[in-house]
Amino acid sequence: MRTFKEYQQKLYAMRKNVYIDGELVGRDDPRLIGGQNIMAISFGAAKSENPELSSLASATSHLTGKKINRFAHVYQNEEDLLKKQQMIRKLGEKAGGCIQRCMGCDMINAIYVTTKEVDEVHGTEYHERFKKYLIWYQDNDLVGNGGQTDVKGDRSKRPSQQVDPDLYVHIVERRDDGIVVCGCKAHNTCAPYSDEILVVPTRALLKDSESDWAVSFAIPADAEGVTLVSRPVSPNPRKELKSPYNNYGVCDTMTIFDHVFVPWDRVFLCGEADFGGRMALAFANNHRFSYCGCKPAITDVFIGATALAAEYNGVGKAPHIADALADLMATAELVYAAGIAASVTSKKTSSGSWEPNFLYTNCGRYHAGVKIMHEYETLMSVAGGLPSTLPFEGDWLNPETRGYMEKYIMRNPDISSENQHRLFRFLDDFTVSAWCGMEMYAGIHGGGSPIMEKIGIRSNYPLDEKKQIVKNLAGISD
Amino acid sequence: MRTFKEYQQKLYAMRKNVYIDGELVGRDDPRLIGGQNIMAISFGAAKSENPELSSLASATSHLTGKKINRFAHVYQNEEDLLKKQQMIRKLGEKAGGCIQRCMGCDMINAIYVTTKEVDEVHGTEYHERFKKYLIWYQDNDLVGNGGQTDVKGDRSKRPSQQVDPDLYVHIVERRDDGIVVCGCKAHNTCAPYSDEILVVPTRALLKDSESDWAVSFAIPADAEGVTLVSRPVSPNPRKELKSPYNNYGVCDTMTIFDHVFVPWDRVFLCGEADFGGRMALAFANNHRFSYCGCKPAITDVFIGATALAAEYNGVGKAPHIADALADLMATAELVYAAGIAASVTSKKTSSGSWEPNFLYTNCGRYHAGVKIMHEYETLMSVAGGLPSTLPFEGDWLNPETRGYMEKYIMRNPDISSENQHRLFRFLDDFTVSAWCGMEMYAGIHGGGSPIMEKIGIRSNYPLDEKKQIVKNLAGISD
Amino acid sequence: MRTFKEYQQKLYAMRKNVYIDGELVGRDDPRLIGGQNIMAISFGAAKSENPELSSLASATSHLTGKKINRFAHVYQNEEDLLKKQQMIRKLGEKAGGCIQRCMGCDMINAIYVTTKEVDEVHGTEYHERFKKYLIWYQDNDLVGNGGQTDVKGDRSKRPSQQVDPDLYVHIVERRDDGIVVCGCKAHNTCAPYSDEILVVPTRALLKDSESDWAVSFAIPADAEGVTLVSRPVSPNPRKELKSPYNNYGVCDTMTIFDHVFVPWDRVFLCGEADFGGRMALAFANNHRFSYCGCKPAITDVFIGATALAAEYNGVGKAPHIADALADLMATAELVYAAGIAASVTSKKTSSGSWEPNFLYTNCGRYHAGVKIMHEYETLMSVAGGLPSTLPFEGDWLNPETRGYMEKYIMRNPDISSENQHRLFRFLDDFTVSAWCGMEMYAGIHGGGSPIMEKIGIRSNYPLDEKKQIVKNLAGISD
Amino acid sequence: MRTFKEYQQKLYAMRKNVYIDGELVGRDDPRLIGGQNIMAISFGAAKSENPELSSLASATSHLTGKKINRFAHVYQNEEDLLKKQQMIRKLGEKAGGCIQRCMGCDMINAIYVTTKEVDEVHGTEYHERFKKYLIWYQDNDLVGNGGQTDVKGDRSKRPSQQVDPDLYVHIVERRDDGIVVCGCKAHNTCAPYSDEILVVPTRALLKDSESDWAVSFAIPADAEGVTLVSRPVSPNPRKELKSPYNNYGVCDTMTIFDHVFVPWDRVFLCGEADFGGRMALAFANNHRFSYCGCKPAITDVFIGATALAAEYNGVGKAPHIADALADLMATAELVYAAGIAASVTSKKTSSGSWEPNFLYTNCGRYHAGVKIMHEYETLMSVAGGLPSTLPFEGDWLNPETRGYMEKYIMRNPDISSENQHRLFRFLDDFTVSAWCGMEMYAGIHGGGSPIMEKIGIRSNYPLDEKKQIVKNLAGISD
């Protein structure tokens, strides 16, 4: 397993293909460090001296028997699923949000399962090919970016109906040595500091005539023809009042494929339209499962922040605060319970690896999605207006105003002026920033918005059985 | 294990101590049959020829090794908890609601666990005493009524502060051969057709000075001094359009103890105020766990009914219906997931039996409680006004009006007039009746209302850990 | 203006054409008295010795200059609209719910306005004809039933597409002396104790080919060919514990027209399909305006009941109760504010009468509809389970159990046992009864369910202006 | 009336007492221009050549008979209140949010009314004093900042209980020529570009012993001892893609009074503790009334933005979009209806000016406050993730990436790439920025958070009348 430093060294040697706000930048650009610092958490945890943490964050490869980072592992049993969920919550609490590296983890699990099924039907050899790739991926402790969501163009039209076929990533040429693809995957959270880009289709259904859009592959993030137009965002920068949260960041990215050549040993689906949806949903399922671990971590931050805000305001014991906290707790634990249920009712697939229960992963992600804005509302209501009107840090540093700042931020006299400042500065970052806006959108749409989970929930639900229950009770026979 | 007939024979031989609307009645009063028919489901399932069903509904006693009804079983492992939950959902779907017999089941589990703990601290012998009682209870396949909720008098006062000490059940005399108790347990769902009344305290905390209120015991439902004032309710009676749902009923009851003598071998807590709360919460925990199985069953009825209503109205495929159904499904499955999580994270107690995870049972019951009225709203919205304005059954039987009825109820032409009638007649029962009112209150308050679960959720929640997460992120040290 | 007695005398002399549960009954059937008692409120108020009340409940006819019941009045100015709203809230508070007589009031206002507009376009003479009818209606202080909602058959089909054309009321024959109609109007709240049935179309749009369904008329409620199949419902009957609420009732009715002849002087729309929707929406608008008065009255009952339940339970001062009450108050007053806004922004129509603002009547009714189940939830949560498990009245009358009842219902010691009993008995009626089920459906669907108001709200909303606001801000020109 | 240029000239001549992020700046600092541009809207509207607009935005002073800006006007009748509400909605739509100048308007109305009442009880002369001040304020067309909310220290303590008495603004010295005050008013939206600071108390109740905190006055914003520590915020800056919205801004400010001398002719309350609450609530009432105009304007932006986002995504006609829009419309119009109701039920005060109905202003502001986060959720859900992941503007300007940007932003092919860019860039500003965070907090807390309006709603509500309604229905006499 790599150290964080080794990870960065490899990154910094990559071809420059990242654009930020009009500039072509190296991967050592300061705006890209925040996201790398999130990755550092996962590298550190796997090698942690705390055995509980390291055993959560690492696993034993079923392919090589070597110790690997759990984010590179393919689930071999229920326990693996439960541990993944625990790991994500634990690391997410450290990050105060998305741990980012599950993208790659969810991709390899989805591709692993689906390639086997494709082979069984089509006599292809994707699964062995992917296994080889995966051994290399595990051995090198790589970070993978998940490229799923196409830019999609006109939402009322299918891939093949768009005025521009590139609005969904597709195969433009099949060659002896590989394929050539065009298109753009959007909302790629960690592309500029990932080693690899893994790609699967977006749609839950592809028609036979849409086989060019049935494509899955992996490609180095700096491969020829790949351009990453990235939008880094971090909590507000600090002058002197440093805090861990402000070291983090995220870089949502448009990953553009402009006639990118992919050699066959990196192609994992190529035209089998009947499996496009299966692969898309397999990733969605795994990714929604991840949310059952990371969303509770985020709610943990809401719980802690709401409790501290109330305490610092001097109303920590008020009944309406206790009520608000209990509702947040219920949100965290219901989502987490859905993840546990998805784990213990998971199924072994033909590939030998395990897949979480699609119904529960969708229910968990759904609940997280419908509650997230309410969680912000709760925290904002309890915090009062200060996070949004707190004078900038410079006014704490300027001796002419510092005294006023310290005097007038005082609330609960048991809490020092500095800690009051630290908390409300954190709340400013957490709730009044472009960073917060990104987190809100991620909370609603990341991994699929509630409207998508509703589709997931009802897709295989035994509705006829439920109707029959009522027919039985009502004496209806038909 | 008994047959339903044997159960009824024993019932009908009991002392007459049930009052309904001013009348002293036998247990064969027709108004008491609906509840007995619910019990029939549990007797039948345990002896079912369907092996899947019978294995769900029966278990092997850890005390005698005999095959017993699962409702008389004490959990020996996680699997027992999962099976209990599955059983309740399955049987609840048959009943179209509360299966009622989990009252006794949850009582014996709570008393089993707590008596051991009391003995460990106080050197008492309650646990062995209760084991003997339990063997007899299992061998005779008994139905137990759970007496927990006291009438409570002034809600702003504690038991010992009430103007009348009987407002909470308490010990009025300690004798050589037993104790004498006074008071009244309210909202007892199945008392008039139970064999036994099991009693535990209500409050989560009893003070040392309130040791007279720290009392647990079992007593035959027709014991001297016990009076049951009962309020039977059933779906609306039918003239000719019979259906299974209309055979069912429930009989909420005030179980009054007027100087009832309880011999020592039936006393399981007697003055150990420090364990009053533990026993109360042990029952609450087990009972909220039951709700994680039965509430999904009730939601299953909402799902089926909503889907059928839409289909019969001709709008089964409308997008807003699909949306409404998915939300109901998410409700059912999140509550169920909480039950699964409560099972697989359950803990072995010092008695050797297993206890579901209190946090998840509370989260599951909480979610059910906050959603129930929304479920009614969904069904009522989709059904349209007809369930509440449907002419009475007599107008279908009267030849002068029957033609009008059949003509004007027609909606989706694929559904016969009779089935349209049956569905909307069922919806009338399910949503426009005293029975429905009872179900709504049960949905909100049964097993503890959401406000109680909020207390449960936050009672042991690691709030300080969550605060520390935020302090770490914000750089606050104190 | 008539007395209540005169109203009843006329009713009791009508032809027997009311069916209840298979029986053909006279209008003096006890099951029909509850609704008549509601009507008594409106007759009494208009002749009240309280000048404030009588001036609210009566008006001066613009046609005859005579003093008439306000329910027979056509709005002549904003003040009339405001007074109507005040009247309905005041009388609704007396009834504890729907005052029922606004049906007729809203019908005459809708027909008055629309007939003038039809005449202007089609050169017909409906308006003068209706004026004559209205003078007679006012002079005789009549009660009108509003027949709007057709049974509608398959909801996915239009009137002309149904397998049975009668599923919407339509003209089956045009004769020299009048027309013949067939069909059935559903959910008619007060048909069996109304003098007249007034009919307008249901749909917001009729196609040219659907002119037979574009029909409006008035007919005596006992006319030949009219059959009323009625479903009376009342609060639970009382033995001795009489209270005003239990005198009331409602009788939702299917009003069946089986080849009913309507003479021309009672026909107000006959084939002008282009005005079918206008007339339907004119009634909907007026009726939703009524809801802006009556729904706050119902919320007033929720407020009072919730406050009393808390007080009687001993927790009247608890902060969560104060919070719950404030939310109920906001619901009442926002709906009422929408009615005020609809009044003061009303428009004079070509007929000279005034029409409330459609946008605000829809907003008011919408808010009432989306909140009603939450209001029940609030009251039920605060009341605790007792309303649903309260022993029947007979157990209070039986001396063997009376003592127990009085002893164990005690809560707040400042409240007598009788008053505790009265309150929870009322809550039983109000929330645990077929009557309550009817009220819930009325709360959701009466006057149009929220989904209908959403259509109303957006139908004329200046959406393009709102888009332009954003285009201006964003610098978009197109 | 002044021009915007005259307003700015006066501003720029003021003493430098504004701090931003550690710097002492002049009022011509670029970060302060955004807020001034908002003020420009009000200056421009009053002098607009559009007579409808200018008549909304100006009024005739009842003191001088001169034409004045409506924001300097004291309500003389219902019409004035209605026009104020219309004006704010209209101007708020231009600003895309808070018009800011109502602060001063609401202050002068509150002080005008209250000073009269104080004089009546205490024989003081505040009212005549304030009239003189007001004539000067109107004649000079001034902009007033409302200083109400104290920093408040420990929320569980009263002003006099704080460890530092300055945590609420108070009188520290009474001199012959005036008073000296200390303290800090927080969340002052427009202080750095206001001419005057107007101050009233915060608390709804002051005790007799807290007369030093019963203080109201006006002072130039650059008076000696006044320090403004300001936090300017604007939509994200643009490089080339200019749009009106990006010219705006707001500057929440801590207005610090460090031994500020206020001459008597500017003191409007000085120690009359019994009127501290009256004045505080009079401002709250007027300010919540303003929200009944401005919040609908903000919802208008949500409506337009949601509709455009759906249209640009190609799903403008989808039923769930229509539904979401109707709900937003209902929110806007219910809040607006509350403002209309507050206007037409306003009361003339002893000063001769009119005061909106406190119940309805609270209901309107309450509804806005409980819906605001849901409005964001609606827009964010419909917009999809793009606003939060849209590459920065520089990538549109860089020729190496511009083609990709234009290609891959395409959605509905009827909308140009530039307009797609403009819309989603606006949505980025509106929902993913520090500016948005400020708007969210303003939406929840500005003018008082929902918890404060609940207190307002229930404070004078006739709860006993509502209880009596239920007692009447239930037959309870006491």
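To keep things simple, chains are lettered A, B, C and D as they appear, and every chain counts its residues starting from 1.
Everything that follows uses one rule, which is that a residue touches a chain if its C-beta (ideal position, glycine included) is under 8 Å from a C-beta of that chain, and two chains touch if they have at least 3 such contacts.
A quick note: this is a predicted structure, and the numbers were derived from the prediction, not measured.
By residue number, more than half of the contact pairs of A-D reappear in one of the listed pairs B-C, C-D or B-D, namely B-C.
Over half of the residue numbers at the interface between copies chain B and chain C are found on both sides, making the touching surfaces mostly the same. Between the Cα centres of chain A and chain B there is a gap of 40 Å. Averaged C-alpha coordinates put the centre of chain A at 52 Å from the centre of chain C. Residue positions of chain D with contacts to 2 or more other chains are 320, 323.
Those residues of chain C that touch chain A in the shared complex are 319-320, 323. Those residues of chain D that touch chain A in the shared complex are 19-24, 149, 151-157, 163-164, 166-167, 184, 186-187, 227, 229-231, 236, 252-254, 256, 258, 313-315, 320, 373-374, 376-377, 380-381, 384-395, 397-398, 400-401, 404-405, 407-413, 428, 431-434, 436-438, 440-442, 444-446, 449-451. Residues of chain A touching chain B in their complex: 93-94, 96, 241-245, 300-301, 303-305, 307-308, 311, 322-323, 325-327, 329-330, 333-334, 336-338, 340-342, 344-345, 359-360, 362-364, 366-367, 415-416, 419, 422-423, 425-426, 453-455, 457-458, 461, 463, 466-476, 478.
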